[in-house]
Amino acid sequence: MQVSIVGITGYSGLELLRILQGHPQAEVVSIHASSSIGRPLSALYPHLRGSCELKIEEFNSRKIMQQSDLVFFAAPSGVAKDLVKDFVEADFPVIDLSGDYRLPADIYKEWYQKEAGEAAVQECFTYGLAEFADVAGKKFIANPGCYATAAELALIPLLQAQILEPDSIIIDAKSGLTGAGKKPAASSHFVQVHDNYVTYKLNRHQHIPEILQELQLFDDRIQQIQFSTSLLPLNRGIVATVYSRLKKPLSAAEISSIYRRSYNGKPFVRLQASLPSLHQVIGSNYTDIGFDYNPATNVLTVVAVIDNLVKGAAGQAVQNMNLMLGWDERAGLLSQPAYV
Amino acid sequence: MQVSIVGITGYSGLELLRILQGHPQAEVVSIHASSSIGRPLSALYPHLRGSCELKIEEFNSRKIMQQSDLVFFAAPSGVAKDLVKDFVEADFPVIDLSGDYRLPADIYKEWYQKEAGEAAVQECFTYGLAEFADVAGKKFIANPGCYATAAELALIPLLQAQILEPDSIIIDAKSGLTGAGKKPAASSHFVQVHDNYVTYKLNRHQHIPEILQELQLFDDRIQQIQFSTSLLPLNRGIVATVYSRLKKPLSAAEISSIYRRSYNGKPFVRLQASLPSLHQVIGSNYTDIGFDYNPATNVLTVVAVIDNLVKGAAGQAVQNMNLMLGWDERAGLLSQPAYV
Amino acid sequence: MQVSIVGITGYSGLELLRILQGHPQAEVVSIHASSSIGRPLSALYPHLRGSCELKIEEFNSRKIMQQSDLVFFAAPSGVAKDLVKDFVEADFPVIDLSGDYRLPADIYKEWYQKEAGEAAVQECFTYGLAEFADVAGKKFIANPGCYATAAELALIPLLQAQILEPDSIIIDAKSGLTGAGKKPAASSHFVQVHDNYVTYKLNRHQHIPEILQELQLFDDRIQQIQFSTSLLPLNRGIVATVYSRLKKPLSAAEISSIYRRSYNGKPFVRLQASLPSLHQVIGSNYTDIGFDYNPATNVLTVVAVIDNLVKGAAGQAVQNMNLMLGWDERAGLLSQPAYV
Amino acid sequence: MQVSIVGITGYSGLELLRILQGHPQAEVVSIHASSSIGRPLSALYPHLRGSCELKIEEFNSRKIMQQSDLVFFAAPSGVAKDLVKDFVEADFPVIDLSGDYRLPADIYKEWYQKEAGEAAVQECFTYGLAEFADVAGKKFIANPGCYATAAELALIPLLQAQILEPDSIIIDAKSGLTGAGKKPAASSHFVQVHDNYVTYKLNRHQHIPEILQELQLFDDRIQQIQFSTSLLPLNRGIVATVYSRLKKPLSAAEISSIYRRSYNGKPFVRLQASLPSLHQVIGSNYTDIGFDYNPATNVLTVVAVIDNLVKGAAGQAVQNMNLMLGWDERAGLLSQPAYV
């Protein structure tokens, strides 16, 4: 199958390309960006010398539909919403990695502080949290946010089992810098980030409504979540530390069995015997989850870790493609964690 | 005044020396360790060439009392409890940076998994959280733990003002590696820590009873705290992210005035207008505090940052010395944050 | 084909496993270490949960020969030399990643400060610098050292073309910490390495005779090389900065064509248009090379970068296996650089 | 004495302020920048809350001369050359940390690719390598570049002793990111720098003519130096690794005595018994030097390390101020290295 990537020069676009270079059934045939049109990608990114001969093309929905069978949008939020319409009208498969089609228009506008795309288009999209969404046969996928993926995978099994006090959820999430995008800024300057820990957008992060909306599908008594995001001085990785109170005390075995039930047959979520660290997943599509329940406080602490560029972006997008098309969910995603 | 340092080769011992090298009234006259006896410290630590000519001496309480006026213990927990007795009996001033005299014997034994020192000796010690303790004229100070310092300074004003739901406190604390001590181990190997984020000792960290005991002095309705500790891939710094629910909604101005009231005239605690980052305090004795209240969840998030080797250890020890002796609290502690 | 790995718990052993997990023709059937015998590897390394079900076995040459077709030794130097003999006697294929069989016994003893293995065994081994060695059909490969790989690949084309003043070579090499092994030590403690740059073993590094011996194969007028090694505060990667004087000035085009001639048809060495950085190769088996000639000083500066665990260890070992067996040199080695 | 700082918001400006906050004889009375005029510096830099109440002022040479006794220029190259003239005409003391007055106009223009200031003004400036310059009583100091400081202090004693082959000098220098300035750019983005090692401006770095000019003062047979600069993934610190050939072999004792002779009575240069690492000097004004001579290659390797913001910029500027005014060279510069 032939695919196109729009927004090739961002971290997610390049990671998509890297994953798809090893995919047995899909081939990237065109790559698109808003600058450097006509230049070979490997001239800008010498790590691609010898493995990618594609040139950057201007975006052109008609051409993409002629030469490809599916398009990935890996552009920043605000881009896909203006470009997706042609594909939807043509019923041509789209996987959008941005936040543009994850939320209803009014909520999008409030949290992204941008105009939303057309509601009719938005409604065509399925939110693709791959372990829980039903994407087989779907055409239009809104790939989840990176923080959202980690938080939701940590929490949904607990909601399915109805063991949490619904208003008690606090998520302390941390991300490496690739999550903050490629644009140079004071806040992404090496000197500012290195040896530092910066909490940002507290109570204003755009993944809050996304997580809430998804959690409410599994437990509609949840009204709000408390959610914080901080930058870790590293490139890849998200840690979601989730605190919540239980309705009644449970043993570790009981909690484990709740997770096992939800993730039985899901190859990319692993319940670990101890709290996971980032090294365990970096470079792979895994979500590793560990927990510890404190009877003294009745607080269950869950830690979920992902590689934000893989499971949190490009890897989950490929997983969604595989599921849409009825392929093996793992196709192209067999790279194991780098560990170091 | 002349002082001695026991445990000179640890991070806290070396930082004490560094701070005291710039102290206008105190002079380090002897340094003690359990190995390398007789060697000049600068032969082991070339950064001290030219500024410190002291040789490492064996521990000898009598000699210390002869040549000094005060002794700092900067050894790991478990050392001071066996060595302090002579000084206490002689009414000779001691500041202990370890956990040995912060807790009653039974609690110490439970959380440190070591035998405690004599209860009679322990009772002579004052817990020296410098902003709240009354250490003037005291002889024996148990210097607070690093995590504990950050957590307590974030929370005490809120407890004094009685605005929190007492059972709602969750502390997500992070530390650089100097906080984990100098001993080589798999967990402190560069490759393991770098590009990683590891949560450790969840629900078992020995600062839990220390923090709880101190908070209960200010609000005895607090039964438990939920507390987690994680390693950040950096050398210096602690971030305590504190979540708690308010009894009733408060404006930012009201919360600010609560902090200002508690820290009025305290030169080393700064309420900042936005959430603080580590860079703001590293190299200094400051504790920087910022907060954000979320009316949607009724959760108040407070972030407190310190340099764990300064305010979290050696700096606060010097501050305590200054206060004990009636000197300017800031003597020797005027170094401003390195910023980068 | 079935292979065994001896020394599975080191960085190179784990990386070998990771690469071989994606190899189309080889399967790891046994893993060996000197401790944790009988335990599943994934119990020690949770990143392997779900992808590796092997248990650690005691070393047993007979059993390895029964169940496998080839054995990798990924143990520290000094281990293989005592264990390899049985395999050599049985003409059973061995690829040794340590330094044990790269040097004649007397030179080994001088630089490694250990007794060497038997000379007769050593002489059976071929030094496997994959781009230049003739390993097809060979049984016993001494896989090159990490620093040596980078330095040799930077220099050999220049020696083949006979353009260098032979006594002018200075190599300033830098490595991430995985190159220094897994054993906890003061020198590998996070706090010591982070924010630091340490030059070590100056004029005493055991790769000096290895590089010299290999370079002399291509230009026997070379008497000595000046070689320094330093630790970079990162996990993976080697940078070899090579300075040498030219016999006569050459244009960039002339130097490029020298490299192109040597590396024509070699898929894992890329001559880049500008000086390469580590990001370009990490996670891949590539060696990227760039250069700049300074007519004012007549010095040619060449920078070669590799991932020390891939091209500098496990990747090149797999490349050698492929070449020994007449497979596609790239089998199992198609992972592209992570870039970030 | 009262001083002003022009270019307060750069790394060097802020470091100057930090050092001068602890200076016993000098006080910063005005700070200048080209933006944020009228705002308290501590509103932009919360680490200064409580220690600095100054507001940012527009540059105004007349006002500076009215309220101050000396002005530091800590602006990027190209700024001071247009602003310094008034001060020179008024014979008002200036210390310029930029490269604007270190080189003759024609060389400046060639290497900085900017127009130079007036030659008559440039000639008033003394190049202030504090250990070798005669700045007592001088009015106009061109503070040396950071790389240049490290390289020159490593080499000058060897030139004074005339032991080097003059055309054999190769300097492989590395710097932390504060050396590259504060401006956000793709090359200073955290993700690009972290876990990377980038060699830049090879054979084009503007410190080449500065170093050459200074070295030629001590040995006029030197025609050229080979010099490379690379970025280390850390904030502060420069390592200059210097290779050169000796005219004849020398013992370590002979080389040590050469350094001792040159640096006798110089408090900020320390000859160390082993190769120095960055940790030994960060936070201090020290230059640490170590060496190893290789008789096999006749190459002497010297490693010099500095904190680029202290000895490489603001610290040396203060040292120069002290020397100009006949004060203790060490005034305000007694902070010892942070070590970790």
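A few remarks follow.
Just so it is clear, A, B, C and D label the chains in written order, and each chain counts residues from 1 on its own.
We adopt the following convention: a residue touches a chain if its C-beta (ideal position, glycine included) is under 8 Å from a C-beta of that chain, and two chains touch if they have at least 3 such contacts.
Treat the numbers as computed from the prediction; the structure is a model and nothing was measured.
Relative to subunit C, the chain whose mean Cα position lies farthest away is B. Pairs C-D and A-D differ in how many C-beta pairs touch across them, and the larger number is found at C-D.
Computed centre separation for the pair subunit B/subunit D is 36 angstrom, with centres defined by C-alpha atoms. Rounded to a whole number, the gap between the C-alpha centres of subunit C and subunit D is 39 angstrom.
Centre to centre, using the average C-alpha position, subunit A and subunit D are separated by 46 Å. Touching of two or more other chains is recorded for residues 11, 178, 191-192, 194-195, 233-236, 279, 340 of subunit D. The residues of subunit A lying in touch with subunit C in their complex are 11, 14, 18, 21-22, 45-51, 178, 195, 235-236, 267, 270, 272-274, 276, 279-281, 283-284, 286, 288, 309, 334-340. Those residues of subunit A lying in contact with subunit B across their complex are 167, 170, 172, 174, 191-192, 194-200, 202-203, 224-226, 228, 230, 232-237, 239, 241, 243, 275, 277-279, 282, 292, 294, 296-297, 299, 301, 303, 305, 340. Within the complex formed with subunit A, the residues of subunit D that make contact are 11, 177-178, 182, 184-186, 188-195, 233-235.
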